[in-house]
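Naming follows writing order (A, B, C and D), and every chain is counted from residue 1.
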Amino acid sequence: MNILLVFLFLIQQTPDSLPVDTAQVTEIVRPAPPTNVIAKDTPNDAGGSISVEWDISADDGKGLKNVNLYNVYKSKTEEGKFDYVGTVGAARTSYDDQSVEKDNKGYYYIVKAQTKEGVESEPSNISSGKSQAQWFHHGRWAYLILGVIFTLFFVLYIRMAKGKKLFIRKIAGLDAVEDAVGRSTEMGRPVLFVPGIGLLSDIATIAALTILGKVAKKTAEYETRVIMPNYDPLVMSAAQEVVKQSYTEAGRPDSFNEKDIFYLTQDQFGYAAGVDGIMLREKPGAIFLQGIFYAEALILAETGHSVGAIQIAGTDRVTQLPFFISACDYTLIGEEMFAASSYLSRDPIMMGSIKGEDASKLVLIIVIMVGTVLGILGGLHLGLFENWFSNLINWFARG
Amino acid sequence: MRRKIPLSIAFIFGIIMIIQFFIPHRISVEFYRNMLNALVIVGIFYYILAVTSLIRVHRGKIKRRKPGWGYSYVTLISLAVTAMVGVLGGAYQPTRITAWFIEHFHWQIEQGTGLMVIYTYIQIPMGATMFSLLAFFIASAAFRAFKARSLTAVLLLLTAFVVMLGRVPIGSLITRNLPDNIQLSNIVEWILNFPNMAAQRGILMGIGLGMIATSLKIILGIERGYLGGGD
Amino acid sequence: MKERKGLIFGSVILIVVFIIMFIKGEPSKNIMVWIAAILTLSIYSFLYKDNVFYKFAEHLFVGVSVGYSVSVVWQNAFIRRVFDPLFITRTYIVDGKFSLYLFLAIVIPTLLGMLMVSIFTKKHGWLIRIPIAFVVGSYAGMGIAPSFQAYIFEQTQSTLYVTLSISSFIMIVGVITTLVYFFFSKEHKGFLGKTAGVGIWFIMVAFGASFGYTVMARISLLIGRMNFLLHDWLGVIK
Amino acid sequence: MRFWEKVMKLDRRWIFLLIALAVLIPFLKPLRLPLTVTKPARDVFDAIENIAPEGAPLLIATDYAPSTAPELDPMLYAMLRHCLSTKRRVMLLALYPQGAGMAQAGLDFILPEFPDAKSGVDYVFLGYQPGIQAIVMYLGEDVRLAFPTDAYGIPLDSLPMMKNIRNYDDIALIVDLAGSSITLTWVTYAVARYGEHLAAGVTAVSAAQYYPYLDTGQFVGMLGGLKGAAEYEKLIQEKGYTKAREIATIGMDAQSIAHLVILFLIIIGNVAFFASKSHKKKRSTAGS
């Protein structure tokens, strides 16, 4: 054990050196001090912070430009020695002191103005405040309200959907899955599933795994090989489980080969190079590019096209969609990919959640329409509407 | 068992992380920090799976003498060498072993560690070259796809054409004599800022709703495909 | 057949150009630059067709990049976040007192991570679902608020800045019709179908614009590599 | 008709060859395609022209990484040439660790052209210090707070050029070369707080988002991508400051030609499409 520890010690990296803070303050002649200093608890925080606010010094701005910094000082007692805590630039009127040691204990603050020459003013009035930790973030009401509304939609529609048959519009890319696998089988070529460079923690990758489940079921039925090179090891393990399950459901658990779902590398272009190589050598008849893709999207899609495969792509990266559209046969655009799990399973509960999404979309459309009307009326300077409009925008700007 | 335990874990942690977002209290912030750290720690062990899988696949190729099996040695050897250099010699900062070599043998490692030398001269150039293949592929994709087959294809083709033209100096010479607001560069800017932005926003809102719905389905255990089968 | 000859001819010309430049210029004396240059050319050879050089470069790339990740994870994740806190710096001892919470904050994820090894056993293979569920569940919970922020709030807010102008009108129509295109639970016919059709037009215009806009950045990547080959390696241009 | 059908099925490697030539030829034989100098670029040039030789220095911040170097390196080279050839003084620093490497590489590249230029007299390379915003603010107080020594470990006070330089008041102009949004840090702290003049060099993709800062006057000028760099090269060549190879102009030529090749290919593709009228089984690629 000791040998191991010594060994680990030897191969440990030497620590980084830390920069030294060397702020200094000097004193000679004095500008006017800031006034109306108020210290109070910083709202919506974890505690340990007091916000100090003040009115600017008479020598700040208005052409004088004398003052260019405000220095904030803190003390534990009203009379006691005030220690420097921080500095902000001219025209600023607040400072958050994050160095408060104890919550619910009073601290005293003063602020001094400082000129370009480094001359500080007399201290301002003294103000005291306590810091507190909050249990609810009041700046996040907007999230809570919208979140609750949307969640209600989902839950409500999922409830209502039970036992019913719901409609879902055609998504061409998903209808083509069977054809693609079938054609690949006819040609005697394997199917390649590329999950992109997303991690299992990315929602789009989870959506891709649902599509993989469907693809694997088809390959199991047609007895075609499905190859899947991976970027994230965890996606690989999850994919192995998914494919194994699909093969079991298709009644062919024995034809499942774990080695066909393997790890490649976690380097973006290393992954692209490796997948390109696999495309050229395995010559798949169908390629699924589903998940999160960045610049490698077009490298993969063009190489896939050059080996003559049918390609069905899908991603939530808006910047890469144009390249998939131009190089692939079918492309699932953004939300279409997330809808795949409902589309493919036709499970009433899943369909219910699609309805929930649509209802939320309707809400957004209504909000935009109302906002437009208010915005136009506000633009005509009708006071009331102008107010409503700015309130609406601010509401969405929170957080 | 095999499904219930994982599903309840996903549910519990999903709900906790949602609630955490609304609580600014110190305890909650501390917890969040520890959760992030925990996720990184769990992530360390992914690499056991990764390396095992890679070795298995390539050992299989070598054993069965599959076509191109010789290259599997390239992968395995370069993996072993790089990992040795990095683990023994340090990743971003040199380890004590490297420091000792630098001191006693007057080694000069410009990049700090052996790993960074490999990174700078092997991984980066190859990555940059793969990346630059896009210059070729974007041309071949444009040639093949931008054909006026249908109305939507025409829209795709035309905007791409106009924007590309607007990006080169020669393009702006065409509209040189026209009034200011129909100068090519201004048209391009307008396309980017309005119709382009509008569609992007619409797509993004859809994606957002899809992501939120899927997250909720994962937390509630409705979306469970990623766990595989069994009970 | 004739076409192939032409292509070989073209490629040969490219190679000859490089050889001439090699003789004319002052090639780099740094062996690592040579390695980088040869690997660069090996990858470009893939544009003609799959060959020995590309296969070698590709397999090397995979091996080196996995080795790199392993090193970084070992040094910057395992040593810094597990080994050091547990055995060297002992972060779980605060003011001389043992803190169970901080101790478990390191030990539990470590044990969770170790469950992944269960995949190598037949009987307990399912245990790997526990860390998977932990990761997926936590990130799903953490992701909801940022999704609201980035995809809903920000997009709605910036759409709402309207004025009485054609541009603003186009913006509003574009956003709404695109959203309508993503309606799944109603068939796209009649008015809905027409609106969704307009949405598709907007989507195509957007895709065309991003495509055209990106070309320049992609070409400059190639210029960067050419600069490396001609300047850093061959020294033919100063 | 057979000809157009052949064009339709053109082997894509011909396209690759065309693109390779389009980029390679300008490297070997610069074409110098016509290029009009835009106002933001001329403003940057004029601002540097207005700096007095041997007077207050220009500060260049190299806040970029290798990934954006093809676009931003040429700007750094051109500005260093501009200053060193006219005896204007230069300070270099970086707010990112990788940026220090870019500045050093830039100096290594340019200095052989100016054998008389001395470190500490004609230029000073301060290196990198961590703490982005703090560094920008320290520069408003005293350079020495952020950078006690230059990148080679020599105390600033022993460098002749730095003797009278304390803070932004003694720096004529800042040029930020950045591939990220770090330029905004300079705007918020150096410009808004200390009233310093700032010019920006940014990548082509991010140039659009910075135009508002030009309108408000928070940037005195801006260079956008290779095009901006090429314009700057043109300006210093016109003044006869340097005869060095104009990499951005070459890059710009390469970009223009490659663009024209692609545009040409699209036209040819469509002509072939209509001429051959091969509306046979076409897999729809647009629309899904």
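Methods note: a residue touches a chain if its C-beta (ideal position, glycine included) is under 8 Å from a C-beta of that chain, and two chains touch if they have at least 3 such contacts.
Just so you know, these numbers come straight off a predicted model, no measurement behind them.
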Leading chain pair when contacts are tallied as C-beta pairs: B-C
Furthest chain, CA centroid comparison against chain A: D
Whole-Å gap separating chain B and chain C, where each centre is the average of the chain's CA atoms: 2
Chain A and chain D, separation of their C-alpha mean positions in angstrom: 30
Chain C and chain D: spacing of chain centres that average the CA atoms, whole Å: 25
Interchain centroid distance [CA atoms averaged], chain A/chain B, Å: 14
Residue numbers of chain A (touch at least two other chains): 12-13, 140, 143, 171, 200-201, 203, 206, 234, 237-238, 241, 264, 266-267, 269-270, 273, 281, 318, 321-323, 325-327, 333-336, 339, 354, 357, 361, 364
Junction residues of chain C - those touching two or more other chains: 43, 46-47, 55, 57-59, 61-62, 64-66, 68-69, 75, 116, 119, 129, 131-132, 135-136, 138-140, 143-145, 148, 152, 156, 159, 172, 175-176, 179, 182, 200, 203-204, 206-208, 210-211, 213-216, 219, 221-222, 224
Where chain D touches two or more other chains at once, by residue number: 12, 16, 19-20, 23, 204, 255, 258-259, 262, 284-287
In the complex, chain A residues that touch chain C: 5, 8, 12-13, 140, 142-143, 146-147, 166-169, 171, 200-203, 206, 234, 237-238, 241, 264-267, 269-270, 273-274, 276-277, 280-281, 318-319, 321-323, 325-326, 333-336, 339, 342-343, 351, 354-355, 357-358, 361, 364-365, 367-369, 371-372, 375-376, 379, 389, 392-393, 396-399
Contact footprint of chain B on chain D as seen in their complex: 10, 12, 15-16, 18-20, 23, 33-36, 66, 204, 208, 227, 252, 255-256, 258-263, 265-266, 268-270, 273-274, 282, 284-287
Parts of chain C lying in touch with chain D, wherever the complex brings them together: 3, 6-7, 10-11, 14, 17, 47-48, 200, 204, 213, 215-217, 219-224, 226-227, 230, 237-238
Residues on chain C engaged by chain B in the complex (per definition of touch): 32-33, 35-37, 39-40, 43-44, 46-47, 55-78, 81-82, 105-106, 108-110, 112-114, 116-117, 119-120, 126, 129-145, 147-148, 150-152, 155-156, 158-159, 167, 170-179, 181-182, 199-216, 218-219, 221-222, 224-225, 228
Interface residues, chain D side, partner chain C - complex: 11, 13-14, 16-17, 19-20, 23-24, 27-28, 69-71, 203-205, 225-226, 244-245, 247, 251, 254-255, 258-259, 262, 286-287
